[in-house]
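All remarks here apply to the structure that follows.
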Amino acid sequence: MRGVGNLSVDNHRDQEGKLSMWSKRKKFLFGLSIVVCFLLIAILAPWITLHDPYHQDLSSRLLLPFWTEHGSWEYPLGTDELGRDYFSRLVYGARVSIAVGFIVVAISAPIGLLLGIIGGYFGGRTDGVIMFIITTRLALPVVLVTLAIVSITGGSFVVAVLVLGFLFWDRFAIVTRSATQQLRNKQFVTAARAYGSSHAQILFTEIMPNVVNQILTIVSIEMAHAILVEAALSFLGLGVQPPTPSWGLMVAESRALSFFLPHLVTLPGLAIFFLVLGFNLLGDGLQSLNRR
Amino acid sequence: MARFLLSRLAISCLVLIVVSMLSFGLFHLTGDAALAFAGEDTTEAEMALIRERLGLGKPIYLQYLVSVEKLLKGDFGISLFTQEPVIGLLISKLAVTVKLAAISICIAVAIAIPLGVISAYSYNSWVDWLVTFSVTIGQAIPSFWLALMLSTFFGLYLGWLPVAGDGSLRHFVLPSVTLGIAMVPALTWVTKTGMLDVLDASYILFARAKGLSSARIALFHALPNAILPVISLLSVQLGQLLAGSVVIETVFSINGIGRLALVSIQRADLPIIQSVVLCLACIYLVLTLLADLVNRYIDPRLRNQ
Amino acid sequence: MDMYSRNRTKPVLSASGLTVEVKSGNDKLLLVDSVDFQIYGGKTLCLVGESGSGKSMTARAILGLCPKPCQSYANSLLIEDINYVRHKRVQVSAVRGDRVSLIPQDPMGALNPLLTIGRQMVEGFLYHKKGTYKDAKSKALELLSKVRISDPETRFAQYTHQLSGGENQRVLIAMSLMCDPAVLIADEPTTALDKTLQLEILTLFRDLQEALGVGILFITHDFDAVSFVGDYVNVMYAGQIVESGSVTDIMHSPAHPYTKSLLSCIPRLDQQNHGKLPSAIEGTVPLPVSDFQGCLFYERCESAVDLCQVDPIELRKIDKERHSRCIVDVHTIEE
Amino acid sequence: MVRNSIRVAQRVTFTFTFTFVAVFLGAYSSSVQSGTEVHVGFLRETDFIDRLHTDSIESAALSLAVYDTLLYRDPKTKKFSGLLAKAWKWNTKRDVIDFTLREQVHFHNGELFDADDVVYTINQVIDPANTINFRQRDNSFGFIQSVEKLSDFTVRVRLKKAQSVAEDIFATRLIIWPKDYTRSNGGHIVHRTAPIGTGPYRVAEVSPGSELVLLENEYYFEGPKSSASLERIVVRNVPDVQTQIAELLKGSLDFIWGIPADQSQQLALNPAISVSYGKGSRITFISLNSKAGKDNKLADPKLREVIALSIDKKSIAKYLIGNEAEPLVYLCHPDQAHCINNSQESMYSFDIERANAILKDLGHQIPIVLELITGSGELRKVAEALQYQLGRAGIRLLIRSYTLPAWRNKFLSGESEMSLLNYGGDIYDLSATVIPFFNMGHADYARDQALADHLSSAAESVDVVESDKSFGEALRYIRENVYTIPLFTSPTTFIYRDIIEYDSSALPFPEFNKMKLRNEGRAR
């Protein structure tokens, strides 16, 4: 029961239906377009770049980007400290970041989904155990644990992604658990139970489809989160190792020159920002459209 | 209430035990801890002596029990490099990080709560759209990059603020602004949705019907109800802040617990890493318990659960 | 336009030309279309109508609490002979809660969950400077016992989630009487309760009215409540009063077709209708667009004629204390 | 070359405005304290400031200011003269040396300096139980046999065998501790938190890892080492190059050093900042793990030669390092005695085709994976350049970068395949910079007994011509077997604001006692 009887029937918030629906769809489309164009950049990387991102030409180090009067179109965004074309490294960097986003979520989503459903559906003691596991995971400081593991095995892309993958499932578990709990109390689940269908049947036919669309909304937001943490790890030198181009690493490498050549630091930062923004908008849009 | 406290403490202890096992496991993954401890040109005989002293000869679970016993006695072991007792190092560095976290939380709350309330009160107007837009932007900014940009711009070009070190309060301005901004988006969003739900509630309309002034309603009726979700989010964010500040502490070279962890990781000085992870886990559990207690104090409905 | 004869005591509250409109797109919607009514001390005026007929918006307009996009205007709003309308806008904040108080409908949600019952009862009293905390507390306890709440002392310190729906509703009634208001606006106080509780609450209303002599504006869509507690009735449809008169007249010989069909919807125990379920009224309440021609009930009215569509239908006086907004003289059809 | 000049021109306009504006603001904003005071930035933190515990360029700089050694070598003329020891005399076999000590010299805490302090310090160093505490103990002090006190101010040191590097060690690494103070405060460890020496500066406060305050030692004796000309020096550990530059431009740091070429070239364009270079004997080279081992790929000299052939030292030195760095062929610095680098026969060996050819007929399946450990900062950039160049020769190089302490541990553990490091400082005797890597010790990745014996005999020979010839042979031998790949000299950059007057000597670290404030520059 919301509002004072029908005193609130003509509450102003309901009238904004038209306006906000439009802005939500706009937000979703805008996010989608950013993500799609980054995907295109990543896939078409070899064709849209002029130089190989690994090729070093020490004699042409730290050239300036085209917009400065000394800049040249041969190296549109100039070159980095080792004379590698900065534009192609930025473009290939997209591959690393997007790959991180997808793989981390691909590993963590199923784990979270499984834990959440088991916890939410069965409740009681099993739910207690699941909540215990989730609390333990939340108590562990993610960045430090990743650092500690990576320091033993040595920083590398695969290690960073695997570690993040196995640490990032908490959000999925929590959302799935609450969604499953809500569904479980709904009549159609008790009805299915009354028909005598087994738990597994209910889980897959009734619960899973509804929960999955809730999960879809936070997939893109968790991808954004994973990209940010990977960039931070690479920035600390414990994520992706040179010479693979990764935006976090590029920010770290050009940090010492940020005073004299600010574009070296700004560009990868902006790239991370836009990709993460795209995923966030996609997620927000999905979430609000889904809620209707 | 006592029953609630007891059950929460029991769970927290259990969690701590599991976390200590995990971090102890990390310690042993490094293989020969003795070499890391002894350092260079020690003869084989001396190596055996050190292994014995560290108790590395015994089976793993015995070693774990020994380390737990030592932890309970406050002996966190000694650092491999500086031979200093870890506990002293931990506390001094933790003080710096807590100071940084406290200021960041104040900045975040000072920005996020008003923003959340304003955008709730002026729902669907251009103010609300502006706040939501800046929150979305804020969410996407990588904190390490923001730190770099702020330090380059305010520290270098304008030279208003010191760019490194943790001496005076001025040193804490840029880092805590960066960390504060990182927390604002989530905090604003939770405040806004909390406030919106409250403003819709019929007890607000009834309070207005009683003729109370809108300020009095906002203060005594709206805010207490809206603050409940914010408090639990704050406790989680403070926990993440302590752990996540390693990046900011590196950029601004602040000798906090994050940097201590990173430096000791680069030095593979694992007694420190183990105790840092354990200490942060402890802090997180305490904070979430605190948040629950505050919520139970404010909201009578939770009291008897 | 004075609807009732002079010799009655003066009305506690009289509103004239009360209008609430809201802009949506480029045209304006009239949620409440220049409504006039009077409330007399010790008497209950019922506002009856389907949901969306503007009866709740009228109540909020009196209290000046219309939600943001709506604008409320009035020619005059006299409460105890003081006019609270200045250049067409209702400025009633001075007496809101003091002379005019509200009983909300949603008993479980209308009280702040974090504060005790006592503190919320006392709050209005102290804010309107009616006395010290001790006076407020004793008054609250007295009123709680008046509304037949068991053990008022402990209830005073309890929270809303510790009380049942019925008890909460009684507390709300007690709370609205804290400042000895002249007018009590009860917005569907019984709708959220089940039948047995409704009867208790309604008898409570009647007893309080006789005891305190307060004027009550009773908003409901349930004719049983109207017949039980109401003295006068205004039937509202799409923001307009379509019929007004005393309860007995309206119940027995409804003039306006809408009132007739409303009454026919109620299953009557005293009549045998041989298993014929009462007929529901087809169609829905039309949007009260300001430039609407003719009678708003035209589409759904069986006895509608072409003339009904031509120009706006006025509220005609059809009897000593009876008005109806219909040009087809229902009486003739009746006989 | 055209591109190069344009690049320099373009940088001028781009950075000139920023740096000038910043410095102007910097000067304005720095707080003015009484007395002449200079703030010096250190990039790497050092856990000990005395050279007995740790021998890094940081501890060398601080030891030079806080402690004194028996002898003193003038960095420019490279001649030895007496410091704490007024005079010294070798016996004919040059394996026993008598020091007559300077009198009326006081430690910072007032304790009188005499023979007991020298005996106590030397005994601390040569005591085998202290191996853990003094890093590279064998390499630097292994040759000392014993020390005995002849009188209050004369001491006799007996060597195991004649060592040409002995005087070098007595002039650089062997600083003297106050006996009574050290013994009564828990032994040598006290010098970590409260160091006391006789040097031109005394230590006011130490917070390890972040800051150190040096104050002028007014009672410093007249000797070859110039006394302090500043009342107060604050040494701050700011690990980030970028932040050091910012603080320099803002005025909160006055003297920074060890800054990579890119930044130092930019800063040099700024009139308010002076840049100079200290050469010393510091070089950067790669040590290859040539030990015979079951799966040690690098045990095969042919593969080592491929690596040597595929590295383009010239372009790395010229473009990446700059700062007047010169490519090297032999494992020595041109300024060092007996070094044969600058002789005409220095072949230049970059030849990528030959490298690929050799690799092909070696039969290894391409790409060969090797691991290189390196420090962080500038060395890491060099490692990445090497990674690319080796990649062209079919070798995949994995880079593991560590901070100094962690790197030292990994390097001395003996398991690292390739290690990139820079070594050398103010010790010019070749035996000090070559022998540590070929004396069958922990840092010896060649484990070549013949070479080790040859080198130790070269170190003992006192006759210059004879040691020249034997060291030369050793260097050529190392070169043929590609035990190491010398890359280039790594001079240190000193960057300081114009209010400071500093004639940079040939040392690769700052000499605090040579820093002066220009008289017209206002006091700090």
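Going in written order, the chains are labelled A, B, C and D, and every chain counts its residues from 1.
Methods note: a contact is a pair of C-beta atoms (placed from the backbone, for glycine too) under 8 Å apart; a residue touches a chain by one contact, two chains touch by 3 or more.
Computed from a predicted model, the values in this text were never measured in an experiment.
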Longest centre-to-centre distance from chain D, chain (CA-based): C
Pair of chains joined by the greatest number of C-beta pairs in contact: A-B
Identifier of the chain whose CA centre is least distant from the whole-structure CA centre: B
Rounded Å distance, chain A centre to chain D centre (Cα mean): 46
Intercentroid distance (Cα basis), chain C paired with chain B, Å: 54
Cα-centroid distance, chain C relative to chain D, in whole angstrom: 93
Rounded Å distance between chain A and chain B, as computed from the means of their C-alpha atoms: 21
Contacts with 2+ other chains: residues of chain B: 156, 201-202, 205-206, 266, 268
Sequence positions of chain D contacting 2 or more other chains: 18, 240, 246
Multi-partner residues of chain A (at least 2 other chains): 2-4, 7-8, 11-12, 255, 258-259
Chain B - residues contacting chain A, complex: 11, 14-16, 18-19, 22-23, 26, 29-30, 123-124, 129, 136-137, 139-145, 148-149, 152, 156, 196, 200-202, 205-206, 236, 239-240, 242-244, 246-247, 250, 258, 261-262, 265-266, 268, 270, 273, 276-277, 280-281, 284-285, 288
Complex contact set, residues of chain A against chain D: 54-56, 58-64, 68-70, 81-83, 154, 237, 241-243, 255-260
Contact set on chain C toward chain B in their complex: 63, 65, 93, 95-98, 101-102, 104-106, 109-115, 123-124, 127-128, 159, 161, 172, 175
Touch list for chain B against partner chain C, complex: 201-203, 205-212, 216, 220-221, 224-225, 298-301
Chain D - residues contacting chain B, complex: 18, 21-22, 25-26, 29, 47, 131-132, 135, 138, 208-210, 236, 238-240, 243, 246-247, 249-250, 252, 402-403, 405-406, 408-409, 412-413, 441-442
